[in-house]
């Protein structure tokens, strides 16, 4: 079955949340202490998803806040050249900086990151910088969980979701949990639940749903039973190498396989998954196909150096699916 | 028509929010600069409402946080002696103080207050101090808007409302807007709307609904039209001396008159109104009678010195209604 | 021996620091929980000292910051009526409040206080609100230790002391230690030492010198040995009922007896001591006499209800000294 | 004339302050937006000076705070391998990060930096992490002005300077002004003056002395006249390409020429100057020679890519001086 969107809209996806800088180790398979040079990429889950979607051909826009400095300029230029509408990316005037992520690739299995998230511009997006006129031009509003971590970005997202619902824009919530900025697990669970219950489609890993439910070793059936009491119509739960599951409120369930890949690093898997999954859904493909698109896109990105620049083309995805069929 | 509660519960009302200290000028009809002595009372909207309800005979409990000092001890003792269950009032261990309100009564028309609300204990109620086992013993969870002004109290209230809904506890939202602590009108509107949409009964002044809608000179019909799209079943909008209006989702509307009174000060009118209105509803009286109870209780309290100690008895309310009939 | 001041100045004493509100229990010899009414007085060590000095006939001024509210107005009016020049008391425009001190008098031996010191106006005195033109009109700049507890008041005091030294104004440092606002004992010791080393006269209790030295059970001889390496010329160390000691850099030592008194509460003893001690010094009396003045003034204030309004007259002090001689 | 140190000490220089990470653009002569890769170096003025001094053969130690992460590990390892004693570098346990400096080299004349200084570990050095036993092993305590920008690092430095004076350690104050973290010019001036007045040797650019004096276009003669009233014995004021001036309390004045160089970037000039100047003084060379050493070292570093790794050897410095003589 395919998912129905409000097609009378200019943008396929408008995303809200952070756009940051990744500094990826050029010398890898070693500890970061021994890495001497880094390459700069645009990063941040919702930015990556939007870049990936745009590269696949979707018409996209972005709501976010960037600093008034060289890193901010770079992000805006890169996203604009990727075909994303940047008219609603606000330039911070209070001296906040862009978030940074240094990546450490010790081995394909041992990747870690070193984050700079203090006083970052993206968390200073104000609710009055969120425009109803803009949101109502979208089929999908893509919300990233990390944007809920702190005020005023938190309120900006709550407002955006309210405006999306009011204007029949499908709300897609990518859980995107990062253990930074949040004060406690309980606080995280409260805001994740609040937004998940008001969303139409929820996407995340099993671990992220556990954060939302403030428990360990949660169970997919209980998760969907609770969420389907509220607004969600489609819930995607990813289980890493064991593949991903999609659940519809109607009761239908689907399982997607993970595609094996020569893994360089694990970063960027989730973002590439979401961008291709949403591309497929928005192009009227059925959910089973969308799961394949997501998995194929993730398999390609984990074999490459970046999480944004490495987003695959439609050809690459379709070819991988065909080869592995 | 009367309102149906889940009667299989031990408590009529459990309130969540602040309990503070009022310091009322003993010498009045003068500026506070010339007031030399003050009398101490328990204050804070949800505490006052609970005290008022308890005095009328309801079985009540309170969820809140008080400091570990003489003012905190006084509050707990006073509320306990007023018949309120204080088992869920947490004692702060981090040095936060109780909020203070100095009242200035220049004339019955010119009352003002001087608030101490920096780092107050009530705004440090943590979500993990809110107990599902306790909330599900109540017919009504009474939520006060000021408790939404800051984290972690904000999250404690969002959690409490979620638990109340899950356990079929009627959520009553007393808007209780105070222009302290809130960072902006937009922030206020976002959280007021969020909780109002998830409540069963909403009570406030026309000005407070304007805050919730982030506009000026709002219109009752538009307010109820928006809120009735969500969970609310009963909406009370107070217009001061012009009386109050109650709206049911079914379409029924009621108007209650304000009773004239020899006004000493205007403080405490809203709290006494809510306590008597809820008493009437919980005792199966129809909405028109409940509006009279609210107005009568308010008329009595504004003629007296305090907002808590002066809460009327059932006899006083019924007598006033009878005399003015 | 008497102490020489720069007599070619308009003001005897200009004090810098906090002016607050005391709320003294009207019903005493009981815990504060049972106190129902409070009387309002001006409080805060440097304000009390200035009021006391002014009452004795010194020409005084005050540098401080008060809120733009009824309590701020009251303080300015009271101090002005007490004869103090208030031209350098700045009105805060950022919503800070005045500090509050609720006093609890359980018995003459058990007095405690409940302080409100969060975001108080006095700690927001900015260095650019300290005027060299004003300070250089004084014989004495009186500095209170509590004003060092937080920026920007801390920097305002450091600046004021620098200006006083530059303009040959005698710097008197009243240690006035209060365990609020300070982050650690080490921080306290660092700033107390910094200012004590730059002062001409230092006055405090033995416990306060221990705070300055970050040790317990300190020794007067070691204290004066360390301080006399720096600027101080005269050091007064108070030992409660065991009297007080004055040390001169020249090597002279003096001991003053404490006068017995019918104690109502212990608050205000130090402030009244300082005001009368400085009065005597500034009037050319010898140090032994100044110690008597300090003790007599303290003995009078501890027998009365307030710490500011109760400051004695010259007659009262001289009479007490005469009677006890 | 040469400067006398307390030679009965194990370390020539112990520095206190920040050790950070520089991320220097690999592709230069372009805006940073177009720079895609960065090379990582140790940075931060006192770290650079210590590295430079150590490379020249001085025995050095460092008091500072680094994060418990890969960047922190790198710094400690690099400094240790450079011969610096790192036993008093504390590892932060509260999640603070290392400061970052991205450098932009548009042209030799247009260099700018993008700093990350929010919640950095170096500013969380606590006074109780400063050891008297360590400081008293040094001939020189080198203090960097930026460490005064915020508590508790500010108090750690004030304490260290007090301990140095108490133990006859020469205090060298490198003004090292950076317009980050400081709240106001007045605050900067207050703490810069406080430490300068307590130091033996002060080194800075004319602009930095202007910050200390809170004025514009200051005058060397007035600067030294004010400072020589206090502790300083030797004052170095640098005027960029116009050379540098050294003033002794005795009245002697010296001028050092700046050496021309093929400038790649201007960063690191001050740090390399200080390290070679202090090397010369500590080796008993006269002040004129020390000025030459400083200028030569600066000329070498500005022609290279980093500010730490590029610190010259003694041979390089002596050769440059010989060639340009």
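Per-chain residue numbering starts at 1, and chain names A, B, C and D are given in the order in which the chains are listed.
Criterion: contacts are C-beta pairs under 8 Å (C-beta built on N, C-alpha and C of every residue); 3 or more make two chains touch, one makes a residue touch a chain.
A quick note: this is a predicted structure, and the numbers were derived from the prediction, not measured.
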Same vs different contact residues, chain A with chain B, by half of numbers used: same
Superposition of chain A upon chain C: rotation angle, C-alpha, nearest 5 degrees: 180
Farthest chain (mean CA position) relative to chain B: D
Inter-centroid spacing, chain D versus chain B (mean Cα positions, whole Å): 60
Between chain B and chain A, distance of the C-alpha-averaged centres to the nearest whole Å: 41
Centre distance in Å when chain A and chain D are each reduced to the mean of their C-alpha atoms: 44
Interface hub residues of chain D, defined as touching at least two other chains: none
Chain contact graph, described as a line, ring, star, complete graph or other shape: ring
In contact (per the touch rule at the top): chain pairs: A-B, A-D, B-C, C-D
List of chain C residues in touch with chain B within their complex: 23, 26, 31-33, 35-40, 69-71, 73-74, 77, 97, 100, 102, 104, 114, 116, 118-119
Touching residues on chain C, where the partner in the complex is chain D: 126-128, 151-152, 155, 158-159, 162, 183-184, 186-187, 190-191, 193-194
